[in-house]
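Okay, so chain A shows up in both of these, paired with chain B first and chain C after.
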Partner chain A sequence: MSRALRVGIGAAVALAALALPHALTVPYFLHLTILACIWTVLAQGQNLVQGFSGYVSIAAGGFMAIGAYASALLSVKGGWPVWTSMALAPFVAAALALVVGYPSLRVKGHYFAIVTLAYNLVIVTVLNNYESFTGGEAGMPNIQRPAALVLGGLQLSFAGREGYYYLVLLAAAAATAGGALVLHSRVGRVLIAIRQNEMVVDALGVAAWRYKLFAFVASGFLAGLAGALYAHFIGFLNPEPFGTDQSMNAILAVTLGGSGTLLGPIVGAFLVVTLPEYLRVADTYRLVVYGLLLVLATIFMPRGIVPMVSRGFRGMATRLAAALRPRPDPTP
Partner chain B sequence: MTRIDGRLVARCTAVLAGLALCATAHAAQKELVIGVSDALTGPGAVYGLPQSNAVQMAVDDTNAKGGIKVGQDVYKLRVVAYDDKANPTEATNSVRKLIDRDGAQYLLGFCCSGPTSAVASFIGRENVTMLVGNAAERAITAQGIPNLFRTRPPADFTGSAAGAFVAKRGVKTIAVIGSLDVSFYSQYLEAFEREFTKKGGKILAKETFGLKDRDMTPQLTKVRALNPEALLVLGYVEPCAFVYRQAVELGMKMPRYGFTSGSEEQFLKVATSEQMEGVWDLRPTELTVSALGERANAYVAEYTKRFGIPPSPSSPYAYDQFYVLKHAIEKAGSVDPKKVQDAIRSGGIPPEAIMRYLPVGSAMFDENGQAYTTNGAFQWQKGKWVYVSDLPSDPVAYSKYLRSLRK
Partner chain C sequence: MLTVRELRAGYGNVDVLHGISFDVRPAECVALVGANGAGKSTALRCVCGLVRARAGSIEFEGARIDHVPGHRIVRRGITMCPEGRQVFADMSVLENLRMGGHMRRDRDQRRDLEALFDMFPALRPRARQRAGTLSGGEQEMLAIARALMSRPKLCIFDEPSLGLAPKIVDEVERTLARIKANGTTVLLVEQNASMALRLADRAYVLEAGNIVLEGSGQELQTHPEVSKAYLGY
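Up next, the complex of A and B:
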């Protein structure tokens, strides 16, 4: 694909995303889009660990909880401005990721996954039981939205869904841009090398653990940001949405969309949020149908949707180019 | 010139008049969407699904009688029910869908506290009326949200009455096993402990289990070593049934008290009637025909006929929600949620109500939007929950306490 075409498609998508709130007649779809954007932030973080370096972390839900509770506690109990709380929350999650990631990354493969699963369970258990601080299972109500911003005489309010949509859209775009920066940097190349053969990376004298730790901490940072955005959007927190189900869904979003690609987590995040909602027509069978669709998608699209669609487009372009190529004159 | 047939004109006129009449009648008959958000699958479904069924049953009965008459209009009702899986995010999604896409202005159901609290956090900004059923978390009505009402009393309203009852029966030491990380059980226990210790009782141990735990023998073994005079079991039906069963299997013969609100059928899926014999359930006076009378009998019969299984004891909270709403709409003479809320706030107990409510003044709901039922002591006797007595309950004092929690 030529650069001009890529820029054109990117601009069209950006314009469509900006115009979306005005195009939707049912606000419920905007609600789902906001959740999907928050999920995109989470999935881009998961992609750094899972897609780039090939390590499966089952702690995304836990780090999301840390970000959500950090922001909510700072603003509700600490009385800090919401913007400050939201800005600090990802750093709290990243700091925890640094502390737990350092010892955890000594183990590899399935053992790493099991260690991170344990972290997620511990985080949720602490949030459930430290009632005096977190509200426990009863939760924390009345978490406020951030205050309106005035930019060049223009007031941007986040109290409604439309304003909040632009905030989460910006966060999702920034997370994707961050992923692109990493992917095209030396760090990204080392991470991909780790995914392909970590032993060779070590043999070349590169300290692989540093790069893995970077990916894990950056993933925790983005999960924390997603958590802060979630907390102030929903307005209520209890530990229920941050269990291992959430972490598994983050893995699923990356796998389904396309592990190691930039667009994959976006596609996966939208599918993970919207598919169960659209399947409500299947009533009590919806989760069975959802599960079946996921199994089929994993069997028939093991590399994810984005790589499969890209391959399809490339094939079409090749055939089109061949068809348009002038044929040699058959006459002798 | 073409001759116009007089009979043709007459026929055309009759058809047009008929069409006009149909159109008028159609204009007068409208549809009102009743949204239900509840746990229809997962562990919470033992409470949520019967609630959803109960609303559907009440709506079907009302539609069969012609609907709700409001001024010149007659409203037929349509239930749209979504599964929230007892998850806060799912509940937010389903309620957003009900309001934004399905146009529901009246929301019923809500069996579990977490998802209900999530919805309560934004419902005050919406032009809708929300009626909460079985979700017992105190904070839901402690906030004084003007468009939110709850038919079930908070857990600690029942817990203090239960503590006084157990102490009165001469129990001096008790061990607790329960889902203590679930807030309304911990609130029940907090109020229970306050009353129980005030009367000289002592809690020897507080052991917890998860919602999905099925093997309770470690907790029971630990508790048995402390030799308590009685056991208090708090939690959802299934895990509690396992506690009762495994206590018998371990040879523990002390009296067993609990707070579960499970039906006979729900308990008998896990434990035998012999294993359940003598167990006490100290809870709001929910669906037990011997406690609630003939109307409850008819409700159980109709529900069983329609859905093939008996209703859960807490399901009438949702059935009663609907009749609260119906009478409020008729009283308000409007389907405007704000006028309906005023009518609910000043209205009495609907004649179709199954539960035994204790009015606060002349109204069913207090200033917090909270209704109160009587609390009862039920005992398992020969395969059935038998109503033994009321528990001492003071809704006026509790209402003041609830109001004092508002920030």
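Up next, the complex of A and C:
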């Protein structure tokens, strides 16, 4: 694709994203779009570990819970301004990721996945049972939206869905930009090398564990941000949405969309949020159909939707270019 | 330059090396030869810090390195070119080479890249190509070039002839000879004993985790037991 075309498409998508709240007449669709943006943040984080370095972590839901509860507790029980608590929450999740990532990144492959799965279970168990602090399963109500901002005489309110949509859109864009920054840096190159052959990376004099730890902590940070955005959007927290199901959703979003690509997690996040909703037509068979679709997608698009579509486009562009090329005149 | 004394190492309950000693002197090419499972690769991995020694010592330029982590060892000037090439298949040739020089902070990398493309002219037109699409011989050349990107004082080659066509093996041999001629110290591990002994100034023969013979490359080439067991005549 030419550069001009890319910029054009990017600008069109950005405009469409900005205009979306005015186009969507059903509030429920906007609600889903907000969730999808939050899940994009989560998926971009998951992509750093799973997509780039090839380590599958099953702890995204747990770190999301840490961010959600950190922000909710700081603002509701601590009385801090919501903006401050939301800004701090990702750092709390990242700090925990640092502490648990340091020992667990020594194990590889499936073992790493199982260790992280255990963290997720521990986090949910603690949240369920530390009732005096978290409210246990009964949950924490009355989590406020962030206060309105006044920027140059313009009042930005986040109390409504429209305002909050722009906040999560910004977060999703920032998470994607962060992923792009990492991908095109020296760090990204090492992470991708780790995915292909970690032993050689070590043999080349690169301390692979530092880069893995960076990816893991960064993914914890983004999961924490996603959690904070979720908590203040829904307004009520209990541990239920942060179980391993949620971590699986993050993995699915990355795998379905396109592991290791930048657009993949976005596409994947929208799919895992909206697909189960659209499948409500299938009624009680909803989850069965969902599962079937996932199996089919994995069989027919093992590398994800984005790589497949972009390859399709490239093929079309080549054929188009060949068709448009002036042919040599056959007549002498 | 490299002094290994009474090195013992293994995996799990199994001891692979039962106390081996060998030396590599500056600008020398030393070969470790031996059959499958003799412990050649384990010895190399100990030197590179990828496997911990259970007993004994490894010294490089006068300092103990047997408890130094692998990435630090590369910084001291030892680089390994791993068995079976192991290029980063999904990365381009250029990216593979850049990974080789990853821990370097100096500004000469571009010049080194040019020099390596001159040394391996087949790689230059393929700089942007995915390394996985190269032929086996080209991948071996890339792996060698990648190892050289870190400007090693001691470059270790683990079975560079493995799985390559005879014609390509000759090319690998010529390349290693050139690397040695450029002043890089080489430690070579090979099952292809005839090639290793032709290249080596000195060689050690490993059998079941012990060094059973040592001598100059020429001496060993004509040694009756070696020629019978490893050279096939």
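One rule holds in what follows: the second predicted complex is superposed on the first by the 330 of 332 C-alpha atoms of A that agree within 3 Å, B and C clash if a C-alpha of one lies under 4 Å from a C-alpha of the other, contacts with A are read in each partner's own complex, and residues count from 1 in each chain.
The rule is simple: contacts are C-beta pairs under 8 Å (C-beta built on N, C-alpha and C of every residue); 3 or more make two chains touch, one makes a residue touch a chain.
A quick note: this is a predicted structure, and the numbers were derived from the prediction, not measured.
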item: Partners on chain A (chain B, chain C) - clash or fit; value: fit
item: Which of chain B and chain C A:240 touches, first, second, both or neither; value: first
item: Partner chain(s) touched by A:11 [first = chain B, second = chain C, both, neither]; value: neither
item: Touched partner set for A:189, first chain B, second chain C, both or neither; value: second
item: Touching partner for A:200 - first (chain B), second (chain C), both, neither; value: second
item: Vertex chain A; arms to chain B and chain C (CA centroids, nearest 10 degrees); value: 140
item: Which superposed partner A:177 touches (first chain B, second chain C, both, neither); value: neither
item: Which partner, chain B or chain C, touches more chain A residues; value: B
item: Superposed arrangement (fit on chain A Cα atoms) - minimum chain B/chain C Cα distance in Å; value: 36
item: Contact residues common to both interfaces of chain A (with chain B and with chain C); value: none
item: Residues of chain B defined as touching chain A within the complex; value: 40-41, 82-83, 86-89, 92-94, 96-97, 99-101, 113-114, 117-118, 120-122, 137, 139, 143, 181-184, 186-187
item: List of chain A residues in touch with chain C within their complex; value: 186, 189-190, 192-193, 196-197, 199-208
item: For the chain A and chain B complex, residues of the former touching the latter; value: 26-28, 31-32, 35, 128-129, 131, 136-139, 141-143, 234-236, 238, 240-241, 277, 280, 283-284, 286-287
item: Chain A partner contacts - residues on chain C that touch it in the complex; value: 48, 50, 69-75, 79-80, 82, 86, 88-91, 95, 98-100, 102-103, 146-147, 150
